[in-house]
Every structure is written in structure tokens, then in C-alpha cells.
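Given below, in the form of C-alpha cells, are the structures.
Two complexes are shown next, each including chain A; its partner changes from chain B in the first to chain C in the second.
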Partner chain A sequence: MSTLTALARVQAAHHGAAQQICTVRHLHVHDRPLVLVPLTLAGETNAPLAAMVGDRHGNPQVLVVPRPRLREQRFVFVERLANIVLSYVDGFTDDVETLPAKRKDDEPRQRFTDAPQVWVPNPGGVEYLRLMGRMTRFRQTTGDYAVAAGVPQLGKWATWLAEQAEYPDSSVLVAATQALTGFWATGQSSLEDGNLAALMGWIAPPAGMTAEQAAATAEDPILCPPAGPATDPQFDRLVLAPALRDLEEAPSDAVRVRVQERLTLALREQMQPTWDRVWQAIGLLGAQQPGGSVEQRWAADRDRFSDFVAYLRDTGHPQAKRDSAVLGARKLHDMERRLANFEAQRAFDDPLVMGEQRMTGEAFTGIVTWSDPLRTVTLSRRVLRPGIVVETEDPLRLVAGDADLRDPQRPNQKASILRLSESAGKISVSLELQGGTGSGLTAPPGSVPAVGERVTYSRLQVSYMSPGQFPARDQTPWTHGGPPQPYAPATSDAAEDWS
Partner chain B sequence: MTAAEQAERAVAEIIGTFTSGAHRGVVVDSPPGAGKSTLVVRTSTELARQGEQICVVAQTNSQVDDLIIRMATAADDLRIGRLSAGDYRPSDEVSRFPFVRVASKIDDLASCKIIVGTAAKWVYVTDGQWPWAIIDEAYQMRSDMLLRIASRFERMLFVGDPGQLDPFSTVEESHRWAGLAWDPMQSAVAVLLRNNPDLPQLRLPLSWRLPPSAAPVVAKAFYPFTGFEAATAPQTRGMKATAAGLGVGPVDDVIDIAAETGWGFYEMPARNTIRTDAEAVQATVAIATRVLQRGTETYCEHAPGGRRIEPGRIAVGAAHRDQVTALRQALEASGGSGIRVDTANRLQGAEFDVTVMLHPLSGRIDATAFHLESGRLCVLTSRHRHACIVVGRAGIPDLLDTHPSVEPIYLDAMTKFPDGWEANQAMLAHLAGHRVAAF
Partner chain C sequence: MENTEQRLSRLRGGGDPEAHNARTIAAMTRNPGCVRRAIMDAAGVDKPAVAAAVGHPTSIGRLSDFAVSRGISFETRVKSEGCAELLRLLREQLGLPVPQAHYEDLGSTGKGETVSGRYLRSKAMLDTAEQGTGTLFDHPLLRLSISGVWAYLEPDLVAFQLGEKFYVIEIKSFPVIDGVADASKVAASVTQSAVYVLALQSLLSEAGRDPGLVSHEVILVCPKDFSNQATATLVDVRKPLAALRRQLSRMDNIAALLHLLPANVTFDPELPAMELAQALTQASARYSPECLAACEMGSFCRAEAKGSTAILGRTVREDLGGVDAVSTALELATGRLQPTKDLLQAAHVLRLAQRMRTEALAR
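Right after this comes the complex of A and B.
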């Protein structure tokens, strides 16, 4: 936890209200998201019990697995869930925009003008989708154990969504608790923040309650049922188990229907508060001003969505169970670069985030007190290297010789520290600048910070993300086990046990 | 057999195994200060003299420069190439050697017998294959980097220290690849051996750096299965303060104990503190500067008559960068400039006469995986030729007992031995016998 977040938590506890830790929201909030509140049956991995799902707050669909231990019923549930999710996703594949080619010889690119955004209550919901994807994407629609066509299709989408959620800059699958704690700090522990009801209690306590009272109420599973996917053990014992037993033992269909109604109602009551809170969270976050780069990151999400739709329309093989050596290395490379870019964009969009960098001494803000736009140095020939001096009161940890610093106002200009001198609590930083000044020996006006200008230098930068040089899959070297077998659908996949 | 003969035999065996060409890969484990760089320089110059072209892959630019200087000094008859980024400017030391050629394209180095570059630079060589390569500091290299360059070389010699810090990723929490044989977050050697368990694994048996007082301690705590010994005899190394301590302070006492036994533990009263614990920082700095003030002399195989410790031969180490900043500022304020202050990560590979370390767990209320990582403590306690003084708050063993390792364990995951928790306990148990209580 950064110092500023820790301070915000102390302040939240002191004032009894959540504190903003960002000045702008860094997450894209969709105007038509799909919310999914899943519940699972205790005792088996990701055995679906019920779900509340839909793209409108007032119109949730409630799906219940009446006999959740039966394998066939699980696939009936997945099929119904697939109908809802797939029709939501397909709704974004109609409108296309055409973009100019990235390189000269390429064809112009096309991408969808919008993409889906799925909200789940917490990271458990993300894991639910990941496991759901693993359990369904290899199923087959013909032969033994055939399932409906939507089942493996949902599996591929669930896998894709859960995989995107591993990247911090993606907004296609959002866990509400994480989205909220990324914007507000509460006066409770981060473990308690994992409880959506307690977290919402701090951020928006119900009328007549203080934040602390609301958070304390959230600990009572009767008043605030858990946000899932795991259910409350008391509910399991007192409501669920008897209902499941009654269903097994029902003497007639009429009785069975009535028990089923009772069960559906009980499960609905368990999910409804969470459903409302997720929508409330979407509303609260959606009302915040978005950061300057949110649009750009959502465009990248739309790019990846378009690519995946194209992939499904092309070969559409289910994603591999495990990453191959080359794919793993590529993904790690992507993750690291996207994370670095995301951190830089956040800091550039948001003075509070940059403030955290300044607190740690990795960045500094100050006023230019001296500027020489015509300074030159002689390397192999005489070249322009403007110099400036910045006076700062920040607790600087950078040292002379540190290079590749940038000010967000001039992203193409690199600065390196020549000298530091300290007097009266202020540090004067002498910087040598390179780039962004044209090719001659005179810098165009405005390309070099002028005296009196306020600048912020840090190591953060938003750079072009090179895809990196990796061997082809069939060129995997012997050090990493050699080329892997190409994928071939196996009939045994269809017979695989659920968990 | 003398130590020199024993070391020579090990080196000859390694070079023989590698140059026989019978294996695509050979792994050499090298404990701290065991002559790893010497091995790399010898293997490459010997192969080059036989008319072969050999590539050397290091992890950082300073490692590359260091190797080039050593190679150029050892063999002025060989053309050496430095594969560098376009904006690299050779340091003065490197440009002293006219037969070292610097280029950013591999084709411009075709005439060189030895080509040295960082792994990050070798990635951009996308064509061709070279018969011999040495991967230096292979335990610091991530396996995804090896994946990207492995096809360029027919046979590779992997040299590194298994006790040092694991390679690093900014993506910490991903367990996506845990258990896979090609987990990209693992070190190059871990993945190589997981996929090719039959490769010969050799080791350098003697540490030329660590004194006899330190080698068994470090070997037991951090290299429990292979072990190593000190190359020097106890009477060869010594350290004494020429000015007697004033007999008044624990700072002088801990220096005396360290001079006598090679270890000192300056134990401050138990307290939970912020990371940049002001008292601990002051104590660490006081000890480091006091070593200089007292005109401490060391004698060893290089200087049997003794020599005075210069500031550059002392290092102060810590776990976090903010601690390093605080220590650096305090040192400058108390006239200790010239003493190297750095984090464990940056002290890897460096060597000093005396080291003063702020214990990673000092004053903490919890022990996270970061602080428990055995490589961190190993680096901090194995940089010295004479003595290591550790500064810490009392109560670290209790802290360890209340924070057992709770990291999840994944099926088939590569586990690293020794466990950080156990290594910390072993080191603390040893330090307990060299304890000086601060007031």
C-alpha cells in the first residue's frame, strides 16, 4: 500500500467516510454493461447453483440449478447462461469502424465501435468465469456427451474475459470490489474491503446509517448475504440443504414445482442485494470524470475484442489448457509492457497518482529557474542538448546520472540529471534535455521548458509497445522442451469430469 | 592438493566437458566469489585461441564491460567484439583497448573471435547460429529471455550463482504459469534443467572471496545440498583496528568481535519501526564510519603485510531503496562518502573487505515473501572478504516464528531450496553467537 493510500485510509477512518484516492476514474464504465452475480454449491469446484444476470438493473434473469449435483443440469444451466451472455456479446458485432493502416503496405483495419463489459461482484466472480471456461470450452456438440452449441462457445468467451482480467489496463471484465477500491479508500482493512457490502457501506452508507454502522451490518450474513460465488454456510444448512432434500424426495411433480419455487425465491433473496450493489457501484463510478487515457485504453479493448471475434469466426479452437513456452513468454512480455504503460498513463492523467510517485522520490515537480535552449555538447559532432535547472521541494531519490526521465508535457524529450544541489530544503536539479527540439542547433520556441514553467519529471513513459522478438511456436528451442504438439480436438475432452 | 590445484582441476573439468561438444548445455554452479568471471574469461579465450568463435551473453551492460576488460587484459592477441545498442558509448576503460570493436550489428563483428553482449541485445540477432556460447549470470536471467536467444547457439555453458536473488518481474501476482516446465517467471537455469534433467551440472568448489569464518556458515544456510569451502586458510586472512576502541561503546565492541571472528550482530532493542528506522540507520552508519576512523587494517593473500581499509572497500547494504537513500544521506552527513551503499539486488556480484548490513527483517511487524527470500539475505551476507556486521532489532526469530511461509504451493511448481524461512533461521542462529547488545 502506498503512503498516500495509507493516509487516505486513516482519514477515512477518522472522518467516517471513504476518501477518494484518484482525481479521475481510470476505468472505462460502459453505458450498457452486463452484470453477473454467480453462486456455487459448496463442496465441489465451481458447481453452479444459481446466477442473476442481465444488462438492465430492473430486469435481472434468475437462473437456478434445481439439482446442482446432476451433471446434465449443469449443462442446462450453462446453456441458459450462454444464451444471455452470447446474445449480449453479439450485440456489439454489428457496427464497425475502419481505421487507417498502421504501416504503409497493410490493409486498413476494422474494429467494432463498442465492446462488451461484464461486471462481477468480486475477484471470486472472475475466477468463476475462468473455471467455467475451463469446464465448458472443450465440450463437443456431437457424439457422446454432446452439449448445446452455446456451451463451448460460452466457454471460449468466459476464458477470454477471465484472461483479459489479468491485465490491469483492460476493462472488459470488472470485479466491482476492485473497481471501487481503485478509486476510494475506506477506513477498514483491505480484507474487509473484499466484502462488497462492507465496501459499499463505507462509500455510500444507506440513509440514517454511518459508514461504520453500515460496514458492521455487512458482516451479518442474514442482513447482507455474501456476494458469492460461495454461499453462507447457515443458508446452506437451514435453507438450501432442506430444499434440495425435498426436491429429491418430492412425491409428485406438483410438490416438486412448489419446492422449486421456494428454492428459487430463497436464492433470489441471496443474490438480489449483491445485484443491487453492483449496479449501484456502476452508477457511482460512472458518474466520476474519466481520465484522459480511458478512451484510448477502451479502444485497445475494442481492438482485442474485434480480434477475438475474428478468431472465433476463423478457426475458433478453444484456448489451450496451458500456455506453450512461446505463448507464455509473449504473454508475460505483454503484461509487463501494458502494466508499465498503464501506470504511466494513470500518473499523467491524475495528479494524485503522480503524487505517489513524488512521495517515493521517483518523480519530482518543480519550477524551472534557469533554461538554456541553445546549450550544445560535442560528441562525435556538435549537437543541441538544452539545459534547464528545476527547483523542487519533493523528497527526491533520483541521483546524478539517472537518465531517460520525461515530463508528460513533452513526451518525446528525454532528460538526464547532471547535478543536484540542495539549499534551504529545496533541491536544484540540473537536467540535460535531448530530443523534441528538431534537427538543427536551435530549439524551436516552446520545445524547451522556459523559466517559471512548472514541470514534472519521472521515469514513467507511455511508449510504443513492440510485440517483441520471439521464436515461432514450431521453433521452440530445446531448452524449453522443443516444439509442442499442435492442437487437435480430442474426444476424451468431452468426457472429462466437471471438476 | 592445494586449493589452487583443486580449483584448477575443477576449471579444467568444466572446460573439458563443455568443449568436448558432447552436450548442448553444461551448467556450472558457482558459490559467491568462486571465480566465475575467471572461468568465463578462460573458457572464452581458450576456445578463441583454438580458432573458434565464441559468444558471451551477460545480463547487464556493466557486466559486459567488466568481462571485456578482463578478457582484453588476459588476451591482447584476440579481437573482441562488443554487441551494443546504437547509442552506447564505450567507457574509458573499454576504449583503452584498440582491439575491442563496438558495433550494434552482429555482421560488423564477424571478424571478432569473442563477441560479448547483453541478453537484451542478443534478442535482436534474429538470424544465424554460432557454435559456442557462454551465458553468464544465468540464474539472474529469466527463462523467457533464454527462449528468445537459445536458437542462436549450438552449445551453451550456463554459469551462475544459484544462491542469489531470483529474476524479477513487475507482474508479481500472476500464477498463470506456476508448475509449467517452461514457466517464464523462473530463472533460465531452472527451466533448462526442468526440461533437460540429464545435462551435466558441475560446480566450482572453492570461494576465494569468503574467509574461512564465513564459507561454512553461508554454505550451510544457503547451499545446504552442494556446499563449498573457503580457498584460504584461517591464518591467511585477518583484520584488526589499529586504534583501540575507547572501550565505551557497543559500536566498538561489535567491530572488535567482527575483527576477531568475521561476524558481528549489533542488536538493538526490539521495536516496530517504519522501514527507514532512524536509529538503525544511525547505528549502521556509525559502525561503517567507525571502521574507517579506527584505521582498521586487513591482511590477506594479496597483502600479507596488511593494508588499511579504504572507504571503497566497505559496503553498506539494505533491502529497500528508501533505506538505501536514508543510509546514503546519513553517511554523507557523517563523513562516510566513498562507502558503497546499495540494495541487495545491486550488490550482486560485488566484493568488499567489510560489509555492514541492515537486516531485512529488522523492526518489521511482518515477514513477507520479499523479506524472506533467501537470495536477498545470501547476497547481503556473502559480499565480504573479512567481516560482515549485521544490524537489526531484537526479536527477529520471534517474528519468523509468527510468520511461517504461507505462499500457496502449486502442483508441479518448481520449489527453490533452501526455503527463505529456514535460511533466515540458520543465519540468525549463527549471528546469535556474535551478538553485541546496543544500549
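Right after this comes the complex of A and C.
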């Protein structure tokens, strides 16, 4: 949270409408996403109760577990869910593009031209997929507790998706509430923003309602069923419990079918409003102008998707219950670098995000008042070091001597601060520039900011992501538990209780 | 002259005070500066009834029947046959040397036993328990002094005595999956366990024994992975315990707070809605969005706080430099309002933020 976002919340509260906190959207919005609205049975651990799923708003599939306490019924549900999810995911493995090799000796790389994008209503939906993955990926398709082939396969995909969602720059699994709050600030608190209906009430209130009325309505679970995965306790008591009891006690198949229809209808009514809202959120975000680096991050998602498809076709072991030491260290390394790059990219694409840096004095924007593109200094030999002076009103915290600053318009040019002088509330920053001017002693036109140009300098930079130096799996040092056991399917995993 | 207890009774509209539990006490310490809450809790006012009467019905603490029955069945399982399963966990998972253990049920006898009577029975049993062997005390009745008033706790817990030490055992129905449980649920249980540890310590002190005999590690029993099998973990509660102690002692003396209320004010849920709402405003609240999940009055206080920056959340309010009203923050940001001396810094930052937003969104 920052003062910029805080002010946006104040403005939202005052005007009764959500306010943008970004000028462009930083999330990739797929033109054919898969939406999943799951419900679970209270009290049990991630026991599926129902789901609404599909890649078209007008054509959802409604899956219901009529007797959610029965293990077999749960797996029937997972199997049906797997069919839908896997056929969606497989749909992206047809078209391949070939990329030049990263290093000279490597083969050219291949990756899929598109990747799946799954939307869930909220972070609870992400957790649902994570647990669903844990629950199903170790199941076996042969032996005593055999399940359909799709079940463990869904488990691996669900685990992969949930893992990707931990990285802020990934767009393969999106929680609608987080996507929306990344772009808009509301006039309520972030706690209340966790309620998708209330959040949407601020962003796009239903006709004839103010944002506040819409948000208040959203808190009534009867008018506005919760977005799940947990159901409303009152719904459990008044609708679900009697229906489940009637199913248990149904004297004939005909009665059972009728009760089951009643239950399906009731559950559908619980999910439909959320289903509609997630699609509405996708539409609203999709209509926003994407940031300049969204494409590049989606390409990285496609890379990872391609890698995972290759992994599944190769060994395809289920992901371990807990990361090994090497994998854990590698993930942490990746996460830090990806986060830093994501923050820099967002700031470069979006003046409002850069504004946060300027507020803290880590960046400044101003007008060039003096420019000497021919300035040289003598080190071991005479070299070109153009100089500029930028006048800014920002609360600068950088000091003379700070180096390695960059302007997003000239990412290959580094600037260091020579002097600062203040007069009449404005600060003049003298900068020495290096790089991006060719090799001679004259800078090509346009390579040095000209007088009157608006520039922004910050410490942010998008750096090459080194893969990091980590020992191979079988070289894990004893300080870190030694090499982990290779994966071997265990009967106990396949037999694991789910009750 | 009315004494404190009589005043508190009149405040809740006569009748018995609402019973506290670890959840309400743990929640209470989260907002110790709220006078409204301190008075209502000390008096044992029926807050859900009051909230409903003033048009803000609440569903706090309401669980699904499915969750309740699952919780009960798990607990029954763990405690069945004289806590056989529980003892196995203590021995095998925690490595506690429990050769055999007695089981004492201190639950209500139902024969018109008063709460204080039951408390005395719990105290006597815990005090005289034979040392050396393990003893499990089920359903002990404990009490804590909240703002100078006794709150009786009837925890669903087992106090376990091993050697000289007492342990609090909490049975919860959220799962531990691959050794990891939901952090917020663990945090909530740990705070609640700290309430029990404190109450058990206070019981021992009253019996003239060393409160240090209560272990600062509680035993958390949860379902393992996706199954009904139980697993036990030792959790250190020193931190929440210290916070709880500090905040309970900081909670102002209730008598002093009562003086702030006009003598005729009561929070009787039977009062007409307007009158009751009027009475509530006599005790100042300190709303923050966290209240919505912790206090039955949250929704009422939020409506009351409309127009203030408190409803946007604590961090937002801090980011705004502590400015109270939404309108003030906006007027400072746009320069329509000249800041007073204490708001100079806040106004400067707000004007800067306003300039950045206008600049970026205009382009």
C-alpha cells in the first residue's frame, strides 16, 4: 500500500466509484480463458461439492457431487473436471513456434504459440486447486485404488497452475479479486475487497444502484451467494442439508433423480452470480490497454507451459509433497528476480506505478534544461560522457554520486548524479550519461535527451535473469539433507483417505 | 449508590451476562482501545441481539452445521475410550513419557451446579491431582478476570498433567497437510490456547501453586492430511501469551470507563432501535475493518464511521498521514484546505500524490 493507492481509495470513497491505480493493465487477459467456480463441503478438507466450469460464458458445465461424503463420488467428480480442464489445456499444444537458440551451441528452441489461462473467483480458488492437486496427483491408475487416467494428470496440472500463481508476473492462473484490485482501488478496505461481489459493486455497480448499495447487498449471503469455495452456512442448513438427507433416504430412483435435480438447481443458483462476475471481470480487464511488457511476460508463461508439457511427456512424475532443498532454493532465487523485474517493467510501462517510486524519492521526473551531447571526460583516454541537467519538483532522496540510474525511454543508457542544487522549490540534477551513444566521440541525434524533453530516472532496471548456481539434485550437500530420494510411487499415496 | 456489578447488570438490561469464550476474549485483545467494546464485553451484553436490534444482524462465529458436526465427530474420535488416541499421539509423536494416564471428566453434572461451584470443583481436582502419573482433565471450567469482572470459560479442551507440568491440549478440525496448516487458522487457535494457558495459570495461582507449572507449549491436535487420523504438534504460545497479558492488564479499569457513560444509558436489546442506537453512540468506538470479523458490533460501527478514513483500513489511514475524514484528506490533497500545523507533513505528501495521479491519468 502506498500514499498513491491510499489517495485513490479516498477518491473512490468520495466519488462512490472505483478509481484506477494503473494507467495500463499489467496482466495478460486471454481471449479464451477457462473459468472455474468451485464449491466445497464445509467441515471437510477440500471436499468438492460442485463446480461451474467452461471456456465460454454462455456455456458453463455444472458438476455436482450428489453425495459429497462418498470417496467414489468425489473421484467421479474429479474425473469429469479433469476431462474438461485437460481438453482445454491440450488445446494449446498444437501450434508451435521455433525460436533462435539462446546460446551459440544450443539447438533452436520450440514453444507453443499460446498457453492456457484459468480464472478462479478469489485466492480461495487458487488454494482449492493446490489442494485438489495434492489430493489427486499421487493417485494410481492401476491396482486396488485405481482411478481414471485423467485424475492424476489433473492433479499435476492443478499443482503446476497453483505453483505459477505464487509468482506475481505469471498469468496462467488468475484470481479475479486480485486481478481487479491490481487495477482499481475501491472506497472500502482491502478486507472487503476480498468479496468479489462487493468489489465488482464498486467497479461496475448493477444498473440503478450506487457502489455503496451494491457493496452492501453483496454482504447479504441470501441476495448474493458467497464466491466460494466455502458455502454460506445458512444455505448449508436450509437447502443443502435437507437435500443431502433426502438423497440418502430416497425410497426410489425416481425420487432420487428428482432430489438430485433440486440439488443441482440450488447449487447452480449459488454459483451462477459468481460465474457471471468472473466473466464480467475478464471483460472489464480485457478492455483495458495492456502495458508494453505484458506480451513479453506472457511469452515467458508460454515458455514455462511448453517446458511443463515436455516434462509430462518425458518423466511426468507427480510433483513432490515438499520441495527438495535444491528446488526450494531455485524457486526462491527465481521468485526474487522475477519479482524485481516485474516491478521494474510495471514502472516503465506505467507512470502511476513509477509515481510510487517518485513519491519515495527513489525516482524523479523532470524537464531537461541543459544538454551537452558532446561532453567528454578523460579517463585512460578521452571518452564521451554527455551531460544533462534535469529540473524536477519531486521529493528527491537520491544524492550526488548515486549511479546506475535509468530512463525507461533509453534503457541502455546509465546516468550518475554529479551535483544537486535547489532553488525555489525545484531541484536541478546534473547527470552524466554513459552508454547508448555509439562508440565515437559524437552522440548520434536523439541518443541524448534534448532540452525541453521530459525524462524519468530511477534505480529500477530489467536485468537478465541468471538461472543461478545450484548443485544438481544428486549433488545436494549433506547440510541440506543430502540428495533427495528419487520418486517411487507409493501404495499408501494411492490409498490415502479422503474423508 | 450502585456498585460496578449492579451498573453492569443494568447496562445489559438485567439477566445473566453472556458467556465469554476463548474466541471472544482473543478477539477482544485485538482492539483494546475501543471503549464501546470494552464496556459491552465487561457487562456481558448480548451483542448479537443488540446488533440485530439496531439493524445490523451479524453472522460472526456462525459455523456451517457440517463443520460443527465434523468438528464434534473428530473430537469424539480423539477422546474416545478414555482418550486412547490422544495418549497414543502424546507418546508416539511427541515422545512424552506417559506410561498410563487417568481420565477425569470435569464437565457439568447438570444437577443445578452453579458456574462458580463448577469452577471450585475444577480447581480442587487440578490442585490435588496425584503427581507422577499422567492425568487428563476433560472440560475443566476456568475463569479469567476481564476488566475486573470474572469471565468463565468452558473450553473444549483437555488439561494434561504430566509430572509437575500442565499442558493445554486443543483439538481442532482444520487439517495439517504434509506438515503444514493454514496459517491464519493456526494463529487463531494459538491465541485461543493462550487464553486457556493464562486461565489455567490463574487457577493455579489461586490454589496457591506456581503458575509456571503450566507449560508455554500447547498441544494442537488436528486431522492429518485429508483423513480422519489425528496428528499432534507442540506449539509455543509465549508470544501471544505475552500480548494477551499485556493487553488484558492494559484494558482500562472498567469502573473508570463506566463513569464516561451517562447514568441512564443502557444497552438493553429490548429498547426501541432508535433509543438503543443513540445509547451506543454514547460509548466511543474505534472502528477498523478487522472488527467485521472479530466483533458483532462491527457492521454498526462501520456504518457509524462512514466518511472517515478508518473504514478504508489501518494501513490506508497511516498512508494518509493519520487524517481522520475522507473529505479532509481530499481537501488537503487538492489544496482547498490549509493544513493546521500538525497536518503540514500529511498535506505535503497528499498534494504530491494528487499531482502524480492527475499527471499520470491526464496523459
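One rule holds for everything that comes next: the second predicted complex is superposed on the first by the 483 of 499 C-alpha atoms of A that agree within 3 Å, B and C clash if a C-alpha of one lies under 4 Å from a C-alpha of the other, contacts with A are read in each partner's own complex, and residues count from 1 in each chain.
The rule is simple: contacts are C-beta pairs under 8 Å (C-beta built on N, C-alpha and C of every residue); 3 or more make two chains touch, one makes a residue touch a chain.
Since we're looking at a predicted model, the values are computed, not measured.
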{"item": "Touching partner for A:Leu4 - first (chain B), second (chain C), both, neither", "value": "second"}
{"item": "Chain B versus chain C as contact partner of A:Arg134, first or second or both or neither", "value": "second"}
{"item": "Contacts of A:Gln213 with chain B and chain C, given as first, second, both or neither", "value": "neither"}
{"item": "First (chain B), second (chain C), both or neither touched by A:Thr376", "value": "neither"}
{"item": "Partner chain in contact with A:Arg322 - chain B first, chain C second, else both or neither", "value": "both"}
{"item": "Contacts of A:Ser447 with chain B and chain C, given as first, second, both or neither", "value": "neither"}
{"item": "Touching partner for A:Trp478 - first (chain B), second (chain C), both, neither", "value": "first"}
{"item": "Chain B versus chain C as contact partner of A:Asp497, first or second or both or neither", "value": "second"}
{"item": "Broader residue contact with chain A after superposition on the shared chain, chain B or chain C", "value": "C"}
{"item": "First (chain B), second (chain C), both or neither touched by A:Gln73", "value": "neither"}
{"item": "Overlap of the chain B and chain C footprints on chain A, listed as residue numbers", "value": "322"}
{"item": "For the chain A and chain B complex, residues of the former touching the latter", "value": "166, 322-326, 328-329, 331-333, 335-336, 339-340, 360-361, 379, 397, 468-471, 475-481"}
{"item": "Chain A residues touching chain C - in the complex, by the definition given at the top", "value": "1-11, 13-14, 20, 23, 41-46, 131, 134-135, 187-192, 219, 221, 230-231, 233-234, 236-237, 240-241, 321-322, 350-352, 355, 358-359, 393-395, 496-499"}
{"item": "Chain A contact footprint on chain C (complex, rising order)", "value": "59, 62-71, 173, 175, 177-179, 223, 225-229, 289-290, 292-293, 299, 309, 311-313, 315-317, 319-320, 326-327, 329-330, 333, 349-350, 352-357, 359-361, 363"}
{"item": "Interface residues, chain B side, partner chain A - complex", "value": "24-25, 89, 123-124, 126, 143-144, 146-148, 150-151, 156, 169-171, 174, 176-177, 180-185, 188, 191-192, 195-196, 321-322, 325"}
